[in-house]
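These are the structures, in structure tokens.
Two complexes, one shared chain (chain A), two partners (chain B, chain C).
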Partner chain A sequence: MPDLPVMVIGGGPCGMEATRGISDLGYNVVLVDKAEFLGGNPIAGDYAALTPDMRNAEDAMNEMIEAITDNPLIEIRLNSSVVAAEGKAPDLSVTVKNGKGDEKIDVGSVIISTGFQHFDPGKETQIYGYYEYDDVITLVDVERMLKAGKFVRPSTGEKPKQVCFIQCVGSRDRQIGNQWCSKVCCGIATKEAIEIRDLVPDCKVFVFYIDMRMYGFWEDELYWKAQEEKQVNFIRGIVTEITLRGDGVVVKGEDTTMGRPMEIPMDVVILSIGMEPSKGSTEMAKLFDIPLESHGFIETIGGALNTVQTSAPGIFAAGASTGPADLEDSISMGGAAALKACAFIRKSQLQTA
Partner chain B sequence: MSIYKDAKYMDVPFEEKQKLFDQVKGDMRWDHIFNGCYECGICVAACPSARFYDFSPRVFVQTLEREDIDTFYELMNDSVWDCSQCFSCTRCPRESNPGALITVMREVAVNNGLNSAKEALKAYSRIIYKIMSTGTQVAPDMLQPDAFPDWGPHVKEISDNLEYWRRALPPETLHTVELAWDVSVETRLELFMIWKLTGNLEMIENIDEGIFMILEEVMEELLEEHGYDLDDYENVIED
Partner chain C sequence: MGDHKYEKSFQLEEAIVDGVDISGEWNKMYEPRELTEYDTTYLEKVIGLDGGESMGWCYQCAACIGVCPVDNVGSYGPRKIYRKLQTGLNLFEDKDLWLCTSCNNCLRVCPKEVDMMKIMPAVREQAVLEGNVPDELQEMLQNVAEYGNPMGESARKRVRWAKDMDETFRDLTKEDDPQPVDVLWYVSDYFSYHNRGNDAARAMVRVMNKLNIDFGTLGKEEKCDGDSQRLVGEKGLFEELAEHNDSLFQKYPHKELVVSDPHAYNAFKNFYPKVTGNEYNVKHYTQFLSGKVDELKALYTGEFNKKVTFHDPCYLGRHNGEYEAPRTLINSIPGIEFVEMYRNREQGYCCGGGGGGMWLDGFTADHTTERLSENRIKEAVEVGAEVLVVCCPYEVSRFEDAVKSTNNDENIMVLDIIEIIDSCMQGKVAA
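Presenting the complex of A and B:
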């Protein structure tokens, strides 16, 4: 049996799947997360339902947590941060810091699954008055409400009559500096639009978009469903500004396919914020001496044929730490990284034997 | 309240617009012809009317898709009659049918006596009358040189001797001048009963009262002449 474990950094869906995969292959694994819980963004962000199958997010995460609990091959360290790394895989010494102090752990390989962070619509310049108007919220704020089984206008607590989503907030924008598409916001907004229509049937829901990126089965299972069965209004044209009128807000934009100017009062405006590299991801790249790719995510060097390989042998990166990723991408990459990390340890043992 | 800053017909009560929209959406064909729109434009590219007029089948589907009542009313007024009903638009990848949606919208416009319907059908009074009273449309005596100069120099010669030329056609039923072919009284009466019983007569009354009155007068006279009682329609149809 191999002696040295694989260290998985980040206990979101990707890291949990990597952990499960490593233990399934019979190798030891140490899972480290700085939070006091497992589950990553779906738990930290109080996600209600997953896209596209609308499965309860907490249930799904609990299923993943259960799969890595009470397994002698798995050691889980919460409230812990990776603060230093010495040596080269498979002879790495990684320092993990927690409330009790620092501890050095010898590991044979590392998987970085530190994920993404939600774009903050007030980070540099105020976008759409997110921090100014109570009724301008984000996709994540909606998840929190939906998880509590309600959807209300934040300023009044009443049921809204007209709401809209604004797509690509913090994505596909040269001025903001984030040129990438965050991949999931179209699907999530559409999923939330369906949930809002179900919860508040007389509320009109608009989605203002640049392109709807509803790849694969999201097309008919979410997009067409939202249009045809839930009467969600998809309008191609991005809102240019949100202004205050009376006790509500008004969105202004162009309906590009109709070629007409719009001005619509909204009870709630939902900003479809995208993904950015998480702080953890950039820190880990630095710590393990792996370059970031041009957008600021951890660089993988294998292109389409090897999605988890970094320039440092034995150090793998997976999930949204490497770029925008949906749940399927993240979990698939977690599995791929587990396989590669175990193979890396096995190959090095065969060489030394 | 329209979503557009440049919305028209804002003086028309919203309830009136909503009523018309509900009739369109409530049509039994709706589920078969409407599946939403992602604004790809394939219908516009295939549409002959869109080539020559400010008309777009896409705008119809996306307006219905959005349930945008004010814009729907604009279409009912401004462009529902610009479609040639050729159904080239049925290549829709979502299997929506813009042409058929326009058919339904036109029927609702006619049934509600909308001005746009009256305007559009004004030029067709004679044709409506002819079809509804005889079942035929274009008659040989319409072949007049001044009416259709582009039909060429022979038209005058033909129109001067119309009866003679018609007699040259082998089937006797085509030896007609005022009708495209010979229509029996029984056919005319049966046709009239069909218009009446299917509600078409009522529809015409909403659109063109003059035509309706002439039609009813002429046909009732014909019925009476042949000993039929208008209220005893089973009798008329059986004969």
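Presenting the complex of A and C:
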């Protein structure tokens, strides 16, 4: 049996780590991404700094890209989409389409790392007016501004005096159909709150939340730091309505620890949008005949003990394609999938020999 | 928690719009609610104070509220204060500034270490400087500043309690050439000036003499320890008192410093060194005597056949970790039956006298449903105690008042441990 490559679909952090791992183990790998660049959401979304360590996102992604560049074992195909798959691993023929046409590639195993997409705040049942009000923006919009080294009120271009984050937008919501916690938004909002306080020290920052979910070290590295050192105001009680009053927006909800209603004018409102399965993830599941789990992400079957195994032998899924994942989860799963894909090929070779 | 404006409605008696009559209830409108202010000015002012920083650390878990003695009889606690500050409360001029008894129970359970023992004195210091102090407390502070004691009594009267005693002991300030003394006994204000404190002071002398201990007092030169004054924000006054008392401690050589008052113990052990640079070999009298239990037992000639319970003083217990010494003494007494209250040791309930509460009785009554001391007396009665045993000079008077106001005169009495030890040494049999 020939040394067939592993195909990694999706060149975000998870896919890049998988690619690096496969080549480190001495196997061939083909990395496919439909975008014209590597780096996935951190690059596509112009992320400024990573959570929780505040590292420059572009620097970190470039480091990952560099680790898989100019390696004879690695073939990178950008602007390319996987459109068909025939056979069963380890005898798979995957069709990749790019500007030049279709190409069939024989692969021994596949890792799907097609990630997530940001929730579209227009789908929120609570009326937040993202598409109506200039000063209502998302976590991703803030990243873009922070990357440009500024934080301003979109409607005026001036420095804001009072801004807030609204947590759980598009997450934990039966009506929307997203019954999951997106895991990262509390941390990212808090990280951005710290960055805003550093950039615009006169600006008051509020975070309206249902409950703050600050896993592990995010607790003191982000949450405590934001409150204790940066005087970010965390207020329990979600905003349910944003209305325009005069030139500005007013957020309305209940301050639950005070048991009283609140209506507060804000210069900027930031919606902490969560994660949804990306279009690529659902397409790949269909293409490789893997079921989606009940939330719509790619189903893995090993539970907590095997985070990357799917019901199709030799086809692995990793990162946010399988459910909400932070960067640590994604990188860890990428590494785990690389190991399992190489082991799958190795075992197949031993059986046929 | 707060009051807010809901649904204020109005209607015009006569209204015609575009020819349509919408008079009366047809034009009824609700006034828009006022916008909520989240004015964090005062929160920022508090956390900007030296000692006030941790006010900004509260993440609203409310662990403090369950153990706050004031919330037990009202609505209070660090979590609530933080939230009110976040929504615009001017703590510097608010009643909430004076309700904290600095009992330390909130800090004991606080996962974020929000420290009211530092926050309150820091904010109160500003209020004191601006003159925003409740009248009762202001009077006390003036008394201490002028007379060296909160009662406003003359220094001369500080030694009057010892007049009618057969016992003798050294008043170091009257000795021409004071020789070192083994035990320097800091008598404290309430033992010196309060009639029930006087009983305990005389008991102390008799017990110390029975034990043949070489001890002496600072006579009329002694002044208030200042710890409660520190906690109500009179930092300057505290420092003056510390310097004064320290100079006496240095002037009269001694092996050990024994105090009647847990507040004095706290001051000398934890706060005087920061002012004077000196360390003190200080013990609360229960700690001193609990080391001599065998000698005490040999001296008992009477019995105390009563069921008793013990109230842990906040400043001996939670603030300084001493729970066993008083219990050791109580259990040494022949015939005594000891029962714990539900809230004991670390969980002990505050009498309400700490952190200035001693001089805010009227003020506090306006904002709570009952006195903390009343709540505590009810608990003592509930566990079936005939005697509430105390070892803090603030407490005999506070609890005796509470016994009366809760109509428990027939059910329970209040005694300092030293009074019981003394009576058993005099061969008295209480039954």
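Following the convention adopted for this analysis, the second predicted complex is superposed on the first by the 346 of 353 C-alpha atoms of A that agree within 3 Å, B and C clash if a C-alpha of one lies under 4 Å from a C-alpha of the other, contacts with A are read in each partner's own complex, and residues count from 1 in each chain.
Simple rule for what comes next: a residue touches a chain if its C-beta (ideal position, glycine included) is under 8 Å from a C-beta of that chain, and two chains touch if they have at least 3 such contacts.
Owing to the predicted nature of the structure, the values given are computational and were not obtained by experimental measurement.
S.K.: Please determine, from the superposition on chain A, whether chain B and chain C clash or fit.
M.R.: Aligned on chain A, chain B and chain C clash with each other.
S.K.: Look at A:262 in the shared chain and tell me whether it touches chain B only, chain C only, both, or neither; answer first, second, both or neither.
M.R.: Both chain B and chain C are touched by A:262.
S.K.: Going by the contact rule set out at the top, does A:231 touch chain B (first), chain C (second), both, or neither?
M.R.: Touch partners of A:231: chain B and chain C.
S.K.: After superposition on the shared chain, which partner residues are touched by A:250: those of chain B (first), chain C (second), both, or neither?
M.R.: In the superposition, A:250 contacts chain C only.
S.K.: Given the touch rule stated above, what does A:284 touch, chain B (first), chain C (second), both, or neither?
M.R.: The answer is neither, since A:284 touches no partner chain.
S.K.: Please indicate which partner A:76 is in contact with in the superposed arrangement: first for chain B, second for chain C, both, or neither.
M.R.: Once the two structures are laid over each other on A, A:76 reaches no partner at all.
S.K.: Determine where on chain A the residues touched by chain B overlap those touched by chain C, and list them.
M.R.: Common to the two interfaces on chain A: residues 212, 223-224, 227-228, 231, 233-236, 255, 257-258, 260-265.
S.K.: Applying the document's contact rule, which stretches of chain C touch chain A when the two form their complex?
M.R.: Against chain A, chain C makes touches at 1-2, 4, 6, 33, 35-36, 38, 40, 44, 47, 53, 56-57, 59-60, 79, 83-84, 86-87, 112.
S.K.: Where on chain A is chain C touching in the complex?
M.R.: For chain A paired with chain C, touching residues are 204, 206, 212, 223-224, 227-228, 231, 233-236, 250, 255, 257-265.
S.K.: Can you list the residues on chain B that touch chain A in the complex?
M.R.: Those in contact with chain A are residues 1, 3-6, 35-39, 58-59, 62, 65-68, 71, 94.
S.K.: For the complex, which residues does chain A have touching chain B?
M.R.: Per the touch definition, chain A meets chain B at residues 212, 223-224, 227-228, 231, 233-236, 255, 257-258, 260-265.
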